[in-house]
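Naming follows writing order (A, B and C), and every chain is counted from residue 1.
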Amino acid sequence: MKTLLEVDNLTVRFSLRAGEITAVDQVDFKLQEGERFGLVGESGAGKSVTGFALINLISKPGYIAGGSVRFQGNELTALTDEQIRRVRGNDICMIFQDPMMTLNPVLTIGTQMVETLQAHRSISTKEAKRAAVETLRKVQIPSPERRLRQYPHELSGGMRQRVVIAVALITSPSLIIADEPTTALDVTIQAEIMALLLSLCKDENMGLILITHDLAVVSQVTQRIAVMYAGRIVEVGATDDIVKHPRHPYTIGLLSALPQNKPRGQRLDQIRGVMPTLLDIPPGCPFNERCDRAQEICRRQRPGLEWKQHGGRVACHFVE
Amino acid sequence: MEAPLLSIHNLDKHFDISGGLLDQLRWKGGKPVRERTMVRAVNRVSFEIRKGETLSVVGESGCGKSTLARTIIGLYPPNRGEIFYREERIDRLSPARMLPYRTKMQMVFQDPYASLNPRMRVRETLEEPVRFHRRLSGAEIKDCVAQVMEQVGVDPSWADRYPHEFSGGQRQRISIARALVVNPEFIIADEPISALDVSIQAQILNLLMDAQQERQLTYLFISHDLSVVEHISTRVAVMYLGTVCELAPVDALFDGPLHPYTQALLSAIPRLGEKGSRHIKIEGDVPTPIQLPTGCVFHGRCPHVRTVCTETVPKLRDFGGGHFAACHFIEEITARRAETSGHLA
Amino acid sequence: MSTLQKIRQSDLLHNFLRDPLAVGSFFVLLVLVAAGFLSPLIAPHDPYDTTTIDIMDSEMPPAWMDGGESRFLLGTDSQGRDLLSTILYGMRVSILIGIGAVVLQAFLGIFIGLTSGYVGGRLDAFLMRVADVQLSFSTYMVAIFIGAIFKTIFGVGLYAQVAVPFLIMVIGFAEWPQYARTVRASVLAEKKQEYVEAARVIGFPSSRIMWRHILPNALTPVLVISTVQVANAIMSEAALSFIGLGMPVTRPSLGSLIKIGFEYVFSGTWWITLFPGIVLVLLILAINLLGDWLRDYLNPKLYKGA
């Protein structure tokens, strides 16, 4: 299997008036071709910023402070704006929580799909239209020819997200970054969209980075996950393994806080306190103030993300 | 059996969205007609809430669950139907006569950023209701507020801060404190944890469960998150397009849903580590509550639909053990399910 | 944390200090307002005291020109009043009328806008139609109309005495709808917030919810339009004075000074019009620039990049 994406020590900083903050701190992971990878974490953990940083979409006052992102062997952080634009929306596509971030409300769906395609391929409008219809069919939108003439506001939320996926798919990308794609949708629609994404990735051998706070969703769709906390990855490994045998205290806490993991009506296990804001991350392990196993060393020394005996990587002093 | 704490009968809540008189006028058959556009958010909803239980109302966005909550607490006047609190009718009371019920029924809101007045210190937010409802001295009010803050896990020494100085979870704790501070018996919680992070959700759910035990509270819990509802409820009502389609004790509902909509809804819950989809797909989108379908509101999307479903509104029927469902063909669907699962076995 | 520290660390101050235009206009405004209100102390002459005015001194050019005297730095007007002193006193009158009119507008506008927005329904429709009707009369029309009636009934002498409160009333009444609409719009937005619902669930009476809970949150846009409205009111006053319906010549405002000078411009005595004109422009510009900055600061959606 070939490596699709290789992220090495990626660091993103923001210069704010209150100080310099590190939103993404030395994140590294690898993605094989056609692999489905989850970035899990609570709000403020840096997962969305990581997603944006992958395709160089960090805008001021943020900047990529270090590390590298290699996509199919090419270094993305070194590309010019013009070059990265050719990659973005072509080889790598992004799907956001709010479909209206991608869709233009004053253009018909057909126009938007044709424009996207023509921006990256030199083909006639007629051919582009045919491709658009085909893609809409692929995302299971009924009567696609009619949809081409409709505006985004004429569609329901679930339909709009399908259109966004279709817009992303039309250039046959090899990687899709989906940032909370179903958070705004109802459960029944969420289940449909997730099933659709899963089958599309399998059929087209597309890589997927699913950014979400929802452990259950990510566990159903991805093969490997990385758990983020306060801008750092604290645990990476095979999805099934992490869900069944989490190693990092934060992952353990997060999983046992889920109502699904407790008999009905029983008190839930909770992690005490809240995630530190990026301005006051404690020295040492960022989780030490909320961790029951914290010792002196956790307050002094930051644990590296290291390979452990079970075959996954964990950033904790006390995991063997 | 003990009388219910709260009961509602055939509650309707419709909103007129047709605008001013000029917007309402239409030209029909050669003469002007006044036509109104109504959103039928809640239709013919009846249920009882027993003392000490947690009744959850679940449903997808737009099903009317929040409107139902706000109608019960008196934020919206109902268009039809009755609300009884301890057998006293409360839906037509003047503000003055409603006042005693204001301390008995309280509400916790969804958005921890919008539900606290940004220009008031936490102390003011919490002291004002006590001062308004109870004749207490300044010191007693302070004590009372400090005690409640302690209970919800917010350091009382932070009372002089403004809401923006707190995190989302802490704000929600303060919101809960504001509801508890008048000593209510009954709390309506409208999506109280859906705006919070996973680890904070657990903290708030625990807080709600602890408060229920300590103060013998009764909850009406509104949520779209089925796994939370499964965890916290005594009984669950499933709403679709403004009507209750199934109402049952939590175990009965999650272990053996009867209504086709409930079955589809429950099958869509993402389960940890479960591969492959058990999801029962339902066709189409939810219709708008402006033009309600005739007959059963679910008939346009139901896989078991027959002619009678498009004509007659199904009533909530009891299928034993307090398990109610509103569908004409429950028996048939259950039999067919048993048969197919029998085949598989 | 002490209040002083809070102010020092606040975004407001930081943002303000980073904007040279805002700081500049603030200082110009500060100097002008201080000079205006301290005019009895710092002005070299008292233009209201007829005993010190000598008609022989009239139309003297500024001190640095031929025929100018060091007694009169900016020259004198047609009655022999020291122009610098008259401008200072006139500015005080202008600012007083501007602020007074805005206070009245704000009072009416907040009361009507709050009631209209919170109560809604027919009362809202009625009040807003009244506002529309009021807006369709211009300030000048109202002033001309009422002023004419007033002068006919009570005579010009009495008018000169009550000119300041009269102008405050006229400009205040003519422009309250701006406020009422702004307040109503922000009340409508706040009314939907959950903290208002929470207050209703606690059972607070409507009046308390309106004044104590909603109003403090709806005041931000009021602050912004207030600055612009002060500038507008000063302009309205100047315009009314210029057409002879504002401050009498004996107690001139900036507008009436410009008018006095305007009659002499073509005979070469340009300074009587020019200097008050410059002061008026400076005053209005400073207020408007400050208002713009305040609006940008309070409405982050309008930020032009970081």
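The working rule: a residue touches a chain if its C-beta (ideal position, glycine included) is under 8 Å from a C-beta of that chain, and two chains touch if they have at least 3 such contacts.
What you are looking at is a predicted structure, and each value in this text was computed from that prediction instead of being measured.
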Most contacted chain pair (by C-beta pair count): A-B
Centroid comparison with chain B (C-alpha atoms), farthest chain: C
Inter-chain centre distance, chain B versus chain C - centres from mean C-alpha coordinates, in Å: 51
Gap in Å, rounded to a whole number, between the CA centres of chain C and chain A: 54
Length of the line joining the C-alpha centres of chain A and chain B, rounded to whole Å: 32
Residues of chain A that touch chain B when the two form their complex: 42-43, 156, 158-159, 186-188, 190-192, 194-195, 213-217, 219-220, 239-240, 243-244, 253-255, 257-262, 264-272, 274-275
For the chain C and chain B complex, residues of the former touching the latter: 125, 193-195, 197-205, 213, 216-217
In the complex, chain B residues that touch chain A: 60-61, 167, 169-170, 197-203, 205-206, 209-210, 224, 226-228, 230-232, 250-251, 254, 264-265, 267-275, 277, 279, 281-282, 285
Residues of chain B touching chain C in the complex: 20, 70, 73-75, 95, 98-99, 102-103, 105-107, 109-111, 114-120, 128-129, 132-133, 175, 178, 182
